[in-house]
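Letters A, B, C, D, E and F mark the chains in the order given here, with residues in each chain numbered from 1 onward.
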Amino acid sequence: MTSSPPSLTFPPTPLPTEAIRLQLRTWPEVETYLEHCRGVIVPLGSTEQHGPTGAIGTDALTAEAVALEVGRRSGLLVTPAQAFGMAEHHLGFAGTVSLQPATLMAVLHDVVLSLARHGFERIYVINGHGGNIATGRAAFAQAYATAAARGLPGADRLRCRLANWFTAAPVLQLARELYGEREGHHATPSEIALTLHLEPSLEAVQRPLPEAAPAGPIHGPDDFRRRHPDGRMGSDPFLARPDHGARFLDTAASALVEDLREFLAV
Amino acid sequence: MTSSPPSLTFPPTPLPTEAIRLQLRTWPEVETYLEHCRGVIVPLGSTEQHGPTGAIGTDALTAEAVALEVGRRSGLLVTPAQAFGMAEHHLGFAGTVSLQPATLMAVLHDVVLSLARHGFERIYVINGHGGNIATGRAAFAQAYATAAARGLPGADRLRCRLANWFTAAPVLQLARELYGEREGHHATPSEIALTLHLEPSLEAVQRPLPEAAPAGPIHGPDDFRRRHPDGRMGSDPFLARPDHGARFLDTAASALVEDLREFLAV
Amino acid sequence: MTSSPPSLTFPPTPLPTEAIRLQLRTWPEVETYLEHCRGVIVPLGSTEQHGPTGAIGTDALTAEAVALEVGRRSGLLVTPAQAFGMAEHHLGFAGTVSLQPATLMAVLHDVVLSLARHGFERIYVINGHGGNIATGRAAFAQAYATAAARGLPGADRLRCRLANWFTAAPVLQLARELYGEREGHHATPSEIALTLHLEPSLEAVQRPLPEAAPAGPIHGPDDFRRRHPDGRMGSDPFLARPDHGARFLDTAASALVEDLREFLAV
Amino acid sequence: MTSSPPSLTFPPTPLPTEAIRLQLRTWPEVETYLEHCRGVIVPLGSTEQHGPTGAIGTDALTAEAVALEVGRRSGLLVTPAQAFGMAEHHLGFAGTVSLQPATLMAVLHDVVLSLARHGFERIYVINGHGGNIATGRAAFAQAYATAAARGLPGADRLRCRLANWFTAAPVLQLARELYGEREGHHATPSEIALTLHLEPSLEAVQRPLPEAAPAGPIHGPDDFRRRHPDGRMGSDPFLARPDHGARFLDTAASALVEDLREFLAV
Amino acid sequence: MTSSPPSLTFPPTPLPTEAIRLQLRTWPEVETYLEHCRGVIVPLGSTEQHGPTGAIGTDALTAEAVALEVGRRSGLLVTPAQAFGMAEHHLGFAGTVSLQPATLMAVLHDVVLSLARHGFERIYVINGHGGNIATGRAAFAQAYATAAARGLPGADRLRCRLANWFTAAPVLQLARELYGEREGHHATPSEIALTLHLEPSLEAVQRPLPEAAPAGPIHGPDDFRRRHPDGRMGSDPFLARPDHGARFLDTAASALVEDLREFLAV
Amino acid sequence: MTSSPPSLTFPPTPLPTEAIRLQLRTWPEVETYLEHCRGVIVPLGSTEQHGPTGAIGTDALTAEAVALEVGRRSGLLVTPAQAFGMAEHHLGFAGTVSLQPATLMAVLHDVVLSLARHGFERIYVINGHGGNIATGRAAFAQAYATAAARGLPGADRLRCRLANWFTAAPVLQLARELYGEREGHHATPSEIALTLHLEPSLEAVQRPLPEAAPAGPIHGPDDFRRRHPDGRMGSDPFLARPDHGARFLDTAASALVEDLREFLAV
């Protein structure tokens, strides 16, 4: 292992998806890959209610789609998505599946340590769910500590970043342009639009909805359901259209590719 | 919540995939679903080396494909796959991502408890990886204990089953017919065949391989790599053909649908 | 216990410190207090290097001082400070004491659950350290989950908030006015100024310093020390003056009292 | 420490029990032992109901008896038994003592790591309880991971095996011969017979019993008790006779000695 | 379950061992027992070096022998011994098997909770090893907390006591009489004498030893071995005689029966 | 790092408090300090009811005061106090904040490991609460194990001691002289006297009290409150006077300075 990560050449044109999905590669191919690139992308989602018309898989579907697009444009490998995230506050709604914070922390810790063992030094987690942010960052701190305690080669070069596609500046700007105040904070038209682009069958259940309860602080599941009886936080998801979703995908991928480029360089 | 689970009517013809993916449903749809069915399917895979020509995602890809087929035929909802499993012994090969046993136990525990909270009473985990079996069963015992300790309504009706598609009797028989002794124990032609059926791009990397190291007991990662230098355990994956994969998918789904029917009835 | 928290009357003039330190009250006094107020303040700090001239206790000293001032003005009880926080990335510098993320999560979880058991429903954590934010929020999610799982009376009324005194808008504005870009991101003149106000003996070690390494992302301890050899992140702490500190204390307390008032009302 | 384990000479005639009980040896004797043998036997039982006439200690008594007999014949040291195992599903019956899966995993992990620290490289766990199997295997995976992470000398030579005396092929065959279908799956005549051989006082409580509830899947404790009201699973323990027990002990020991011989050689 | 534990009648003459070993009883017998007695005895030992001539099982053998004698005299049930305890500081000597403090805490917690679930309200742990004391007491506090959190019936009547046979006042006095200062603090003649009484084969390895290193504080394993090169702490174990052991057994049992009587009454 | 800790020169006259508070020092100062001293003091308290007139912070206030006085006299650095301790049994009284035993164990473990990383080799914990003793000692054992497992330089020289100021022989003697039997076991006049010396405002709430419930064994919180309805255990805290407190501080500090001197020398 060299003392600094090899430079990464972003491909001139996007690669086919097969080329960058870790799941579709073999271990010798990964060994070869590590000779010229030490970066990898990990999509992180959640499986939780998204209002009366939003898909329960919204956060995982969108995180994975953005991650794959970033992978195609950058040439970085993309691991499978971790579709279960920290969604304790949504457990009052049927279908939500949540990992406790300590559990998600352990998952991300183990994923990072597994990858670091092979020589990966830049772990770029593309996240689709606000509830994962705190736990994700705590997990990174724990992973750095373990890597150092184990004396892992490259421990001092290991770096993780949590990139939320939905808070990238150009994404926020596009949402503001399209929806203004009606974007809201959960089951937002921007994320719903992206799912309509990815899964056209979802259009069938979209419909106008009454005004949503306003966004506010998030506490436990019962409190959440009392404040937000249909699961939305100040959002009008029926403004979403599939073509918006295509724009969000492109905008998010562009923004994150730039962020990734910077991350690999530091 | 009634004191016994409502009966389940298996649909006369398979449902479209959209209908049974939990990720593509909304929370009110899940609430309605629970009025007539308390069962749910959870695909569990692994992300680990599968020999010099096998896809790293083999165990997750196959588990998810079988789970969706079982869902289409039975009408049961299918959650997203947990693609990271317990693969500590494969960590000597680049690209393997492993959750420690304690971590995977926590993940399955939390998934089961989340589902049980909503009223699900039959959690059917379709598993694609031998290394998950022990941990999965331990997780179920822990989940029963927690459900009872928390006084969860329905705690005494909660039941989980781990169904390994690759050890279903008809699947084993088909593998024997097609490959005899050359099936082996890891990176087997049967699972590789299924991935070729699912992901045609994988055909490009298949090629004849020298005789594999024989299968044997599994210990730590260094010991595993020393015994099985290319990652295979007694298998000849180049015997796999995409049309075999289609047959494995059908055979596995048929067997598991029957097993599921029995599971829902007890 | 009533079904909604009793209203809180902010006192017309600040109370003496003795009146609001939980440590100086007796249990019958706390019982009486709970009859008219369900809120409590918890100071959270860290014990970590703050550059060549900054006190190792900066984050705990400042968090406690702000918390006590907010307590005096609002009449809310203030618990003792948790002076050890999550500072893994500072462990490369002598004197830093860090709790692992999982440990700090357990501490805050237990503190919240203890307080909730007595009937406290609004836990207002005044934090002095950026490294605690992620873990603190994860701890709250875990605490809500436990409170519900245990069937704690008032579980659905339990709410926690993490308030960072150093990121309150008026504080940021004051820092910008006084120091502009030279505020930096760690061992900042604003926090150092507050410690000079609180502990005059610290003035003796202040001195001009060479230009600090720029702020950047935070990873493991070795990486941190390599990037920031003297522990500062883009800051010029020698700009700090004790009278600035008095202004920061007043500004932070004013901002947090308003935030607290809103928190108690929701 | 040499790079391969020293060969083991099985003694021509069984040793006295005192010679192979770790509890009756001194530390210098163990040091000498390690010069020519790196194997050790750990008996693992459970403390749980065994039907209306079976001893609560059945699984620990039998595991320890088989382990000592294997020790006498092979010359391997035998540690004291871990008499508490994972028996969550039997907690509905008075007298059952269960370790949660996570706890048993920690126990076996620590036992293996302690032994590995001294240079033991083959840990042969003789198990008397089906409920321990999953957790035991998960513990081994965790132990391998820890041994490697700690850089323990010999980590890559550490191997553990879980040997269930009651599922050894010759044991199953003998049970079939003696009891046919009436062997059942819990509180079986074979294990009861062994306890009668070991503890003659148990004969006093044996008596004919009504037909047992049939065996079936195992879930939580309440479900178990509802399905199996007297604790038996399809078994007729009153068929057991002490002389059968002597044959089971001999048969199990013979089978496991062969298995152990093979284990030490790999 | 009644609101206060039924009174216990100590039998006029000792019971046979079979009558009080939980392992040799059936679950209906335990149910009947609980109608008139809510107490139970748990022997806790350790598996660790005891100097050049002391048995590695000393602490478990002695704790179990005392526990059985107390059981015979009091009529209380005795569970199997937990033979592995917390012996981290002895890990520098071959043959020592140690549970980490957190593991032993979990074991004792689970044992207490299992017993409490059945209605046991007085858990009397007879301990043979100083290293278990701190962890044992911490485990009790955790067990009380869990029992209350789970809403276990009888949680507020659950009481645990750790009784060290070797520090009972009459035992200390007898040791002083027999050995004076030469009793020491580890591998003491009193405990060795008890093992000689229990296991006559141990006499063969007793022999005079040079003066032992003096007793002192206990830290980590390497420090322990450096201070006490042969494992003894100021003791002359060769003073031990089997007939002393019989007296220690009688003295310890008498003292603990009185202590137990008082414990059951509170 | 040298192979033995540098000798420590106790200063001829007490140092000012600023000089020995770790919180008021900078990291380069700590680095310099470590060149001539490897010892450090950690005050450990609790936040729990102390009867109807005792301050909830009694155990933390007293531990910190004694620790600072020992620091001034010895020249050793004193970390901030850990004010939350293990007080599960006091949770029945409003205002008590308790860390679960496992949590406190993790806190002390992390504090010790952080300090050991910098080269501290003698961690002297001055404790003010009986409930912390067991957990504290368990934490030290865990810390030694981790330090060795991580291969920390100096792991074999790491030593921790828990010093309870309230059980130092001269302190017990003074309490006996002043209060005789009326000292009791919780909310004792000796500790209350020390708080009156430290915080004169506390005098206002002191008053005669009826006879306290007698001391006895400690179990869960409900049991504790039933036995000790006002929180006291056989004590008459109204005998306390501020000038007694000054004597207790001096007596405790003198005793612990001697103990510390001996601890640093071994």
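The working rule: a contact is a pair of C-beta atoms (placed from the backbone, for glycine too) under 8 Å apart; a residue touches a chain by one contact, two chains touch by 3 or more.
The structure displayed is predicted, hence computed values, not measured ones.
Visitor: Which chain lies the greatest distance away from chain E when centres are computed from Cα atoms alone?
Guide: Comparing chain centres, A lies farthest from chain E.
Visitor: Mind checking the rotation angle between the two copies, chain B and chain D? C-alpha superposition, nearest 5 degrees is fine.
Guide: An angle of 180 degrees brings one copy onto the other.
Visitor: Just give me the whole-number Å value for how far the CA centre of chain D lies from that of chain E.
Guide: Taking the average C-alpha coordinate of chain D and of chain E, the gap between them is 24 Å.
Visitor: What is the distance, in whole Å, between the centres of chain B and chain C, each centre taken as the mean of its C-alpha atoms?
Guide: Taking the average C-alpha coordinate of chain B and of chain C, the gap between them is 46 Å.
Visitor: Would you give the residues of chain E that are in contact with at least 2 other chains, written as numbers and ranges?
Guide: 100, 102, 151
Visitor: Quick one: in the complex, what on chain B touches chain D?
Guide: Interface residues on the chain B side: 86, 88-89, 100-102, 105, 131, 133-142, 144-145, 147-148, 155-161, 216-217, 219-223, 226, 263, 266.
Visitor: Help me check something: in the complex, which residues belonging to chain C touch chain F?
Guide: Residues 16, 18, 21-31, 34, 45, 47, 49-57, 60-61, 79-84, 91, 93-100, 102-103, 106-107, 109-111, 114-115, 117-119, 199, 201-202, 205, 231 of chain C touch chain F in their complex.
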